[in-house]
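Next up: the structures, one after another.
Common to both upcoming complexes is chain A, partnered first by chain B, then by chain C.
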Partner chain A sequence: MNDTIVFEDVSKFYGEVLGVNRISLSIPPGITTLVGPNGSGKTTLMNLMTGLVQPSSGRISVLGLTPDSAPEFFSMVGYCTQFDFFPRGVTGWQFILDSLMLHGMEEDMAVHLTIEALERVQLGDAAGRSIAGYSKGMRQKIRLAQAIAHHPRVLVLDEPLNGLDPMARAESIALFQELGRQGMHVLISSHILDEVDRISDRVVLITGGYLIAEGSIHQVRQEVHEKPMQVLIRCEHPELLASKMFAINHCVEARLHADGKGVFLRTADIDQFHTMLCGIAAKGLVKIDAVAPADDDANAIYQYLIGSDGSAS
Partner chain B sequence: MAVYKHNYSAYTGSITPPWKRVAAIARYAFLEAWSSKITIGLFVLSLLPFVLFLIGIYLANNPLARALINSQGPQTIAIDARYFAKVLSSQCWLGFVLASWIAPRLITFDLADNALPILLSHPVSRLGYVSGKFIALFGSLSVVTWVPCLLLFVYQGYSSPQPWAAANLRIAFGLFAGAVIWIAFISILCLALSSWVKWRVVATGIIFAAMFVPAGVGGIFSAVLRTRWGLLLNIPVMMSNIWQRLLGAPAPFNDRLSLPTGAIAVMLGLACFLFIAMLNARIRAREVVRG
Partner chain C sequence: MQTNIANLGKNLAQQPWGLWWIQARRLTRIELRRNLFSWKASWIYFLAYIPTVIIAIHMLFERHPSFMIGEDTNVLAGIVQLYYIRLGVFFGCLGIFSRLIRGEMIERSLHFYLLSPVRREVLLLSKFAAGSISAVFLFCSAIVGDFALMYAGFGAAGRDYIFNGPGLGQMEAYLLIVVLACLGYGAIFLLLSMMFRNPTPAAMLVLGWEAINPVLPSLLQKLSVASYLRHLMPVSVSADGIFALLTVQTEPVSGWVATLGLLLLIAAVLTYSCYRVRTLEIRYTTD
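For the complex of A and B:
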């Protein structure tokens, strides 16, 4: 079986409203995060991936299957929507059990998988209570349990961290990471860019229905040539280091750190920059304590490629 | 880079046939429909005419009971096709009231809660989803329509001193067929209209309006153009025609309210086609979030 999710020139229009336009993607196993402003097409992309909507043009294949082969396709995909829907009056236990029955499990197997899923999200004790009495975080968890209960190979999670307290968020992230490490496709849409950095193997940036970038955060950052890389160097004499780097005509911008014990330098060629920095350190001109990329993260990529107003630059 | 062992295993066990998944939706819907106290109240109300008609049959077949209540004549109430036409009509209209309450609970809650994406991300098609809801509604309405009607027929057959049931099997068929046509029609009508409204109470109001407003429009049409074809918008009159013919009962109204069976069938078929198109347009897992 094919091990990737493939979008080939996929477009989706809702009447005259653009959902996504000419998206071509190939997503391997691991954690992939969809990043984009509201209305950018993230949910449409997820709906296409889960077979809930059909593309207006193009072709989608999820691990070699299309939504036309419904039983196999849907048993392979777990979807956690962002909407807070639960059938009224049901308990957590019933919600998961009925979902598994809808997936076509026999009752014995459904009971076994329900127990397993509830334990995974640590809701075993609350399983017998009505979902209506759950906190927001518990509701988010039970949705996640519903998405993973039938052992899908692709897990699509729309804003799964919303409403979770820091502890529950850490637990959920740990679960995603574990599933991703085990070879599952975990696709997450999130606005929380700091967490995107922590959990993602790769990001897909989308805005206005158009794909802006995809790949690992580092790869994507390196492709943004018009925004030179920024590096934070912790050292004793940052102003001296800045002057040296400018003297060899390599840096395009320097900014002292607020505490005066470091400097942010921008460079168009990060490899050459590191070589020169090593040379300066080797000569003992400046004692360097630490070197770290300052804008090699999801937040910076988002700012550079999409902008704070959501319009791609 | 770390090397991870890809040991995640997807579920590869057996899965149930599609009808079982539809049955799961139907069971869900059935529980939803009957979880309301108002549903129970309407159900009890729907059985009151049944009890009255049952008493009528009892009195008709029991001279001693008639004597006790000082009733005159050998049989004051004739238990025939006309009697069962009244039974069928009253049960069916109470069934409509029940449907107008239940159907919005089955659909509008799902729409209001954006439930369709999560439900349809299971291996259940849109047809399966609607079928599950339809089965739940059809089953609920059966309990107040053809089931009590046939129970009364059986009771009459049992109580009658003459071999009544065998000679009147057409009534039994008419009761069953008439009720099934009606509940199938109103089930699809109520589901279709409920799918276009997110507020349950409004949906109930619209269902009543859809039943009676076209009848008024049809009446105006008939009066202005001096034709009886405006009655093709009058569902109560059309159904009365069908019930009367299925039961073999004499027409309860004059010829001006009589319509050809073929024309009624075409009209009901067109209406069902419209309702299916409405369901097709609305029952989608579309989840567009903008702004």
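For the complex of A and C:
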């Protein structure tokens, strides 16, 4: 069986309004984050993938299947949507159990999986209460529980951290990490970039319905040639290091760290930069404690490629 | 041709009928819970049982000499034809069936079903089954209640009319009519609810169509639920004035032809609904 999620030249128009345009993607297992401003097409992409909307052109397959073959497709896919609405009058328990029973499994199995899913999102105590009385965070959790209850191989999460308190966010992120490690496809759209950044294997940047970039964060960052990379170097004499790097004409910007024990340097050629830095360290001119990329994250990539105003640069 | 038929047969045999059956049963159970046991359904209970309550009041406070059985039989026929078929079942089915898909789009909860491992056709037909069971349960129990109360006041004469006379046959005919009306209007309103954001104006057009249908050419009469039901009435209702339009006698058709004709109409509407549901998109912001 195919192990990737594939978008082949997919476009979606809502009447004359563009949803997404000519998106081609191949997403391997692991955690993939969809990044883009509001209205960029992230939810459309997820809805297209799960058949909630139909593509105007192009083809989509998830592990070789399409939503047309619903029983096979949705036994492998769980989708936690952004819609904060539920069937009228149901309790958390009933909501999960009903959805599991539709898989055709035995009731004992459905009950077992319901308990497991509720425990995973720590909603066991509130399971008997009507969802209408849940807080926003609890509603988010129960949607997540419903999406993971049947042990899907592909988990699609649209803004899954919305409404969660810091503790619940940390728990959810740990859960996503665990699922990613298990070899699942976890596709997340989120605007809380700092938090998803830590767990993402890949990012897909999208704005105005167009795919801007995709790949591992490091890969994408390296492709942004017009924005020199920023590196944080922890060392004893940051001013001296900065002057040496400028002297060999390899830095375009230097900024001291607030604690005075490091310097942020920007370079247009990161490989050459590392060679020079090694040379300086080898000569013993500056004792270097640590070197780390300072803008090699989803947030920086978002700023560089999309801009804080949401327009592609 | 024979190869195509053989392939079709093979293809059908390979489908997971067992799984679909389990899913359909479970979906129907969930939908029945929502249809019958919610406060929002209370007005449909009112529509179904208001004649029963009125007949009960009459039974308690009026004397029923046996010579009035014929008159009350006509009253009951009028209640079925003019109230249940034209109003009660019509608006009850509008409430039940338009809620099944459109109601969930308004409540923004339909996506849970569309993201479940259930074929959309199975989903639609299960919802239709649940709506039909709800409507049939409500209106058939009301008809049985009406019938029992109508003749209970006559004592032994009433019992004789039911069990030794034409009473039981009439009740069976009324039940068949109500079942077919629920299925027919149910299929139409389910389809309308998928075609229009607000199916009520379209339903009013259907009501108008049903009213003028008896005076239309016979080909167009076939596109009406009431026209088929009219041929199944065990007692003809004579009406004056505006009600005459509702009870115009059309060319006679045998009972089984009318039943089969209506079932074919229902099957055609459901087939088209299945096609529509396959391409249904969730766009709550525009719905």
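The rule we apply is simple: the second predicted complex is superposed on the first by the 308 of 313 C-alpha atoms of A that agree within 3 Å, B and C clash if a C-alpha of one lies under 4 Å from a C-alpha of the other, contacts with A are read in each partner's own complex, and residues count from 1 in each chain.
In this section, a contact is a pair of C-beta atoms (placed from the backbone, for glycine too) under 8 Å apart; a residue touches a chain by one contact, two chains touch by 3 or more.
Values in this document were obtained by computation on a predicted structure and should not be read as measured data.
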Task: Joint occupancy of chain A by chain B and chain C, clash or fit - done: clash
Open item on the list: Per the contact definition in the header, classify A:54: touching chain B only (first), chain C only (second), both, or neither.
Closed with: second
- [ ] Mind working out whether A:29 is in touch with chain B, chain C, both or neither, as first, second, both or neither?
- [x] first
Open item on the list: For A:151 in the superposed arrangement: first (chain B), second (chain C), both or neither?
Closed with: first
Task: Partner chain in contact with A:197 - chain B first, chain C second, else both or neither - done: neither
Task: First (chain B), second (chain C), both or neither touched by A:182 - done: first
Task: Which superposed partner A:39 touches (first chain B, second chain C, both, neither) - done: first
Open item on the list: If we overlay the two complexes on their shared chain A, which of chain B and chain C does A:82 touch? Say first, second, both or neither.
Closed with: first
- [ ] Could you say whether A:109 touches chain B, chain C, both of them, or neither, answering first, second, both or neither?
- [x] first
Open item on the list: Contacts for A:98 in the overlay, against chain B (first) and chain C (second): which applies, first, second, both or neither?
Closed with: both
Task: If touched residues of chain A are counted for chain B and for chain C, the larger one - done: B
Task: Footprint overlap on chain A, comparing chain B with chain C - done: 14, 47, 50-53, 70-71, 73-75, 77, 79, 81, 83, 85-89, 98-99, 101-104, 146
Task: Complex contacts: residues of chain A adjacent to chain B - done: 14, 17, 19, 29, 38-39, 43-44, 47, 50-53, 70-71, 73-77, 79, 81-89, 98-99, 101-106, 109, 113, 143, 146, 150-153, 179, 181-184
Open item on the list: Quick check: in the complex, which residue numbers of chain C touch chain A?
Closed with: 16, 19, 22-23, 26-27, 30, 34, 38, 40, 104, 107-109, 111-112, 114-120, 279, 281-284, 286
Task: Interfacial residue positions of chain A with respect to chain C in the complex - done: 14, 47, 50-54, 70-75, 77, 79, 81, 83, 85-89, 98-99, 101-104, 146
Open item on the list: Which residues of chain B touch chain A once you look at their complex with the stated criterion?
Closed with: 4-11, 13-18, 20-21, 24-25, 28, 31-32, 35, 109-110, 113-115, 117-125, 284-291
